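Note that the chains take the letters A, B, C and D in the order they are written out, and that residue 1 is the start of every chain.
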Amino acid sequence: MTSAIHGNAKMTATATTRVLGVLAIAATALMTVLGLLVSPADVIQGEAVRMLYIHVPSIWIAYGAFVLTSVSSVLFLRRRKRREDQGRHYDRLAGSAAEVGVVFTGITLVTGMLWGKVTWGTYWQWDARLTTTVLLFVTYLGYLALRRLPAEPIIRSRRAAVMALISFINVPIVHYSVDWWRTLHQKASLSVGRRPEITGEMYWTLLYSALTVTIVAAWLIIHRYRVIRLEELRDEEALAALISSRLKKDDGSN
Amino acid sequence: MLAEILLVARKDLRVEWRAKIALGQVAPLALLILVVLAFALDANSSLLELGAGGLYWVAVLYGGTLLIQRSFDVETDDGNMDAFRMSVIGAPSLFLGKSLALFVQIGLLELVLGSGVAVLYNVRVVDWGLLLVAAVAGTIAFSVCGVLWGVMSAGLRVRATLLPLLLVPVLVPILLAGSRAFETALGVRADAGWTWASLMLVIAAVHTAIGLGAFGFLLEEG
Amino acid sequence: MSEVATVVTGWGITFIVIATYSIWVVSRGKIIGQELGIGEMEQLDARKDAGATTDL
Amino acid sequence: MSAVVEFEKVVAVAGSFPVLTGLDLRVDQGEVVLLRGENGAGKTSFLRACAGLISVSSGDAHILGFDMRVDRRAPRRYIGLLGHENNLYQDLWVREHVEFRAAAVGAAESDTDAALIRVGVSKQLWTVPIGSLSAGQRRKVAIASLVVGRPRLWLLDEPHASLDSESRENLDVILAEAARLGATIIFASHESPLTKGIASRVVTLGGGRVLEDSGAS
């Protein structure tokens, strides 16, 4: 994926992403057929189980995206001095992965709440996983807010990278504290609807959905990366024009 | 290094002593929050007693965030950040010095709030040791996180709104652990208060380590 | 809401979100690309057939 | 004479605006350089680049022998910078502030009183909050905070702003003496007729470059 991004930073479309895009649409269509029509209803959960084909892969991919953000941020901090682009490649990767991660975390929350309404009878309960996920969502929304602020590109990238690392370190702390909180107070919570045994056709459908979501996410990250790159190119071009116009003006006045 | 830390902390505390923002404005406001929270719960005394630990930390979060803002408003005012960067004080000392000053200020705020909770919510302390350890650990974590995020949002136009957004998710485990530990210390819950308190110490240590490593890096411009 | 309606709502929201986000990303790329004059792929890569302008 | 400032084709960018566009300048020890130029000519940016507060994106920059592209923090301890803003803690008392600045740059706190007297801050103001001072008095406190650190390189941005004529002359005396003792002084000013006197060299900036240099060899 890195090479696909790298070699074509100057284009808005390439053969690779076009193939990936077509693949994403085809895979999604098949996923819809498999998930909504072909796969059977669950014995316990009935039709609601079909929500999990979106819900579960979404959170997997969200976590994957956040890991990518963190790894890119570490690479940014470590390599920025040695690289010609001052590590901005990693910064762009971190930013685009985080945004896609936030989108999929949002999808996880919405589908999870709908699933909960059918299965538990309530949209929300203070389940450890739900609580952690919503905190994850807010944390990375903050990260994106920090990235959006006007600042010198290098300062902004630096701040963002540090924040990405702190957030990543914080995820397990949040998770374990919330998890521990809930397990200590099981009585207080509603009886948690058991997640269904996923076997046979359901298992394969879930696995296939995960593959589909991965393709979609990869395509999104690549394109988002390019948009960031294009924005930077636009700024650089404007800057170069400014420098040359300033130089010309001074030469003229001399 | 210790001398540098104390120099920075002394300066911050002296600024506070002269201006009296923490004691004169933030503490009364935080007390007011305690009153408003009682309104929200319809002054139900048994609910208030049960929730005292959590409500205390909510009020600390509110007042502490204001103190963190103030701590960095002082540095960004009149271009002070430049003088900060031009000084010979090392970044780790700056970080620890500012954290120490915030620790003292938030600690004072907590003393006021603690008395407020004791009076308004009618609580009794059954384990002073736990209460103290949890309060100290929570305050350390609060201070170091505050300085870390404070410098990150310093000089930004939108820092008044951005700082809480960045700070609160990181502080969630502290608030959670603090609330539980206080509940045990106040005798409303027999749970593992000490384990929560030690979790708070671990979190405080983690963020101190991050701050020591990242502060200098975040302080520089361009 | 019935189970089926809930499932359809969940999938529907997901599709709408992903589609909206994709369109936003792609169109933003196109707009800036055009500003910079490096937009379409076939301008850079002559081997591709001219019909492949739609960016996926 | 050793070079204190050596800039070759320096380009610096602030935000997305080029503030220095290939600036060449060499300043030797003991020189008193007056920077002139219109608003936006790059005077402030040049001073900040000398202090290492903005980074050099291309070109070669050395301050006091330190390569600014390697570590722009290294020379800071020898530099006194006075910007447009006074860098004062409004809530502190005058003397407390100067003491803190002295300690923060590694100078002796005991020099505070001498510095305040030198700059002409009257004694009854020493225990007054800075926020309650007039603009001119604040400027003097800022200058005292610089004097106390005995910098080897003084970077002053409109140092005479809001000072009365007596204080201006006093500041010129202080600067001239510092230069005699081996310090290098670079200051920006619009009001050249008033301040040209102490300058040994006048450099005019424009568009982020040197347009005119009275001391160019």
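Keep in mind that, in the parts below, contacts are C-beta pairs under 8 Å (C-beta built on N, C-alpha and C of every residue); 3 or more make two chains touch, one makes a residue touch a chain.
From a predicted model like this one, the values you see are computed outputs, not experimental measurements.
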Farthest chain from subunit B, going by mean C-alpha coordinates, please.
C
Indicate the whole-number Å distance between the mean C-alpha point of subunit B and the mean C-alpha point of subunit C.
45
Please compute the C-alpha centroid of subunit A, do the same for subunit B, then give the distance between them in whole Å.
31
Counting in whole Å, what is the centre-to-centre distance of subunit B and subunit D, each centre being its mean C-alpha position?
37
How big is the gap, in whole Å, between where the Cα atoms of subunit C centre and where those of subunit D centre?
54
Expected list for subunit A, residues touching two or more other chains, is 152, 154
Quick check on subunit D: which residues sit in contact with 2+ other chains?
14, 55
In subunit B, what residues contact two or more other chains?
221-222
Select the category (line, ring, star, complete, other) that matches the graph of chains linked by touching.
other
Contacting chain pairs, sorted by label, are A-B, A-C, A-D, B-D
Please name which positions on subunit A make contact with subunit C in the complex.
10-15, 17-18, 20-22, 24-25, 32, 35-36, 46-48, 50-51, 54-55, 58, 103, 106-107, 110-111, 114-115, 117-118, 216, 219-220, 223-224, 226-227, 230-231, 233-234, 237
In the complex, subunit C residues that touch subunit A:
1, 3-4, 6-7, 9-11, 13-14, 17-18, 21-22, 25-26, 28-30, 32-33, 35-36, 38-41, 44-45, 48, 52, 55-56
Quick check: in the complex, which residue numbers of subunit B touch subunit A?
148, 152, 156, 158, 162, 165-166, 168-170, 172-173, 176-177, 180, 191-192, 199, 203, 206-207, 210, 214, 217-218, 221-222
Residue positions on subunit D within touch of subunit A in the complex are 11, 13-18, 21-22, 55, 206-209, 211
Going by the contact rule set out above, which residues of subunit A touch subunit B in the complex?
135, 138-139, 141-142, 145-146, 149, 151-152, 154-155, 158-159, 162-163, 165-167, 169-170, 173-174, 177-178, 181, 184
